[in-house]
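In the two complexes below, chain A is the common chain; its partner is chain B in one and chain C in the other.
What follows is the complex of A and B.
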């Protein structure tokens, strides 16, 4: 990269061209673990967005003070602080949801997506660019999570957001809401995205 | 006997029934990234098992002594500044995540230095994986599970001791090694297959992971079977025998399906 992309480019990049899940294969653990329904997926995406935004802004503010060999530790500690805030907030206002998500909220700390964004973008850019990058990436991440969750919830229970969509005669594919369904759904969606990509580039 | 049984159950659950990778989805990144050949995958698995054991030992100690509500060390230090009665209820659980991630990072660093100094061949075979392990979800997940069994229980007798915590950590690591080695074995064979182009790489790995997860679902219920076999409750034995004599009926299958559905909705 000779010239660094501008704030708007970074914002758009995060949503589709460099989608964190489908293109960069980052943050796969929550993508698989909390996508058995739309509600947990959206909550997860919001928590990740909050943590990513907070961490990116803080890291960007202190980027001139960072020592190269200590930077990863500083990143993780910053992220851990924001995750604690998000976790306490969820436990206070959405108790049921925080029980459902369980250990996956604290596991945001080791989500490669956030560390990667801190390393690639926030530690080199100004606050404004870092923040727009964080928002773009979060939207991309939210889209990816909800796409997986929509497929799994629809096929697994015939509902979306707990509201019945498919007719009652739909035989619930229980396997889709169980762990194996997550792997298979994400694998097939990934293949689909690659296929669409190839078709597009073939035409050009 | 009960203790031994407990240990056995924890080990079995962590390694096979609720496999870290295939049931809890932690450590997916190395599962997809470093599973290209069996040797490397096994090395990664060993490194993770090694670090997870040390990290959970540290985390158990810190949680027991400092972080849990009314922990001895924390209350002692607080007792120097505030009245005794207040100090006895001190609760530092909110610091858990920060302390855990810090101690994991530190222990990875120390393990790396130690192995480099005393076991150079081992260090060479671990290679780049060792520093990468800091951001492996499996380690933090192990620590958090242990924390849940210390902080999250109401009855003080149910708090896990170091033996139980270590069993969970070691066998969680073993489960990770099993899963990633199987995956690497399959992927080595895949090299010879004609995979559709869009599916090459991560996509096919995830689909295979799904099939493996189906296979590991077969272990569900092994724990209750062993429980039944090893320690039959005297009053229940007669009932169990009666049920076993009866041929399996359609109604039983329906019941099974119902309970699975309910389990999912919960």
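What follows is the complex of A and C.
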């Protein structure tokens, strides 16, 4: 078996080299659905971070007890538990935000990013590595969500976090806060990331 | 030794154990957060009552009503169904309207809504969706103002009917395209709530009204 990456490699990889959205194209549903504003995007990123950290730690702790053919059941069970906790917490302390995000918080259960990290990292490596992997991937995911959200909210409403940034004369591009805007923005940003990557590797 | 490992229990014990551990922790979370969530919903209900009774923006009517709550119990096939009813009173003590909290099955999960009725219970004065988990982009349009406002002003004499396309008759509601089930679910909840609550909507005796003071 090839050498597994260390904790620091896992952490750094998650942020840019293996960014969940731009490099692995995982967890795209929330990336498209809740990025019409910075606030819902950040809330989603934090919820995913909590679930990912919790699931990675639990799975890593029990990794030696896992039966290969039952591992997905265990992953799903663990993820669902943490998602329910996140959902209830938001409903209790961020009631309006919880209503805005609606079913997208419960839908974190089917976010393939989390089950992917459980499978790739947490079920094979120690708790420390799994935790740094979760934190790195979460930062990467948060960056990706907020980059899409920043473009969409700024162009769509002239605001960031609800605070007006662009002059009042800015004609709000309403399409950017609607679903098509999500596809356009994500497509262009993905293209940009790939283009930068090609430039870089071309020079080397 | 090998037989224990290969038995069903030997294979599944971790899944079973985790289920128990997770259920216990979720129960603990629910016991702690459940009351806070209920309080949030009650606060939102109180904020919405003036809007639902008058049909006007909340900023125009904040704090001008006295609100008291009561339960209406309805026996249905031997099962007692309980509705929470909020009565809104003007400053001079006359009834301005009622708001009924009702729950029913939607397409995704339970739909919880508030239904505003005029003092006699003859006309619908407002509809607000408190909680829903309908399909994003389709069924969750039941929360949109434009769709909910169709109910405002409808008579409660005959049950409302969901139609596709353009609603023509007085008691017809336009279905959301792609979400007929969610539209029907809301309309069914409204219909059954009216049927259950209407006979008892008038505040029974003046004694009850005194109670709130």
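One rule holds in what follows: the second predicted complex is superposed on the first by the 203 of 204 C-alpha atoms of A that agree within 3 Å, B and C clash if a C-alpha of one lies under 4 Å from a C-alpha of the other, contacts with A are read in each partner's own complex, and residues count from 1 in each chain.
Please note the rule applied: a residue touches a chain if its C-beta (ideal position, glycine included) is under 8 Å from a C-beta of that chain, and two chains touch if they have at least 3 such contacts.
All values reported here derive from a predicted model rather than from experimental measurement.
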- Query: Superposed on chain A, are chain B and chain C clashing or fitting side by side?
  - Reply: clash
- With the two complexes superposed on chain A, say which partner A:81 touches: chain B (first), chain C (second), both, or neither. both
- Message: With both complexes superposed on chain A, which partner does A:65 reach: first (chain B), second (chain C), both or neither?
- Response: second
- Query: Should A:127 be classified as contacting the first partner (chain B), the second (chain C), both, or neither?
  - Reply: neither
- Item | Chain touching more of chain A, residue-wise (chain B, chain C) | B
- Now for A:159: first (chain B), second (chain C), both, or neither, which partner does it touch? neither
- Message: So in the superposed three-chain picture, is A:143 touching just chain B, just chain C, both, or none of them (first/second/both/neither)?
- Response: neither
- Query: Taking the superposition as given, does A:106 touch the first partner, chain B, the second, chain C, both, or neither?
  - Reply: both
- Message: Under the stated touch criterion, which partner chain does A:73 make contact with: chain B (first), chain C (second), both, or neither?
- Response: both
- Of the listed chain B stretches (116-124, 224-232 or 242-250), the one clashing with chain C is 224-232
- Note on the structure: chain A residues contacting chain B in one complex and chain C in the other 33, 73, 77, 80-81, 84, 88, 103, 106, 179
- Under the touch definition given earlier, write down the residues of chain C that touch chain A in their complex. 11-12, 14-15, 18-19, 22, 25-26, 29-30, 33-34, 36-37, 40, 44, 108, 132-137, 140
- Considering the complex alone, what residue numbers of chain A touch chain C? 33, 62, 65-67, 70, 73-74, 77-78, 80-81, 84-85, 88-89, 91-93, 95, 102-104, 106, 179
- Message: Which stretch or stretches of chain A touch chain B in the complex?
- Response: 25, 28-29, 32-33, 36, 72-73, 76-77, 80-81, 83-84, 87-88, 103, 106-107, 109-112, 115, 156-157, 172, 174-175, 177-184, 186-188, 190-192, 194-195, 197-198
- Message: Please output the residues of chain B touching chain A within their complex, sorted ascending.
- Response: 22-29, 32, 94-98, 101-102, 105, 134-137, 139-141, 144-145, 148, 196-199, 202-211, 213-214, 217, 260-261, 264-265
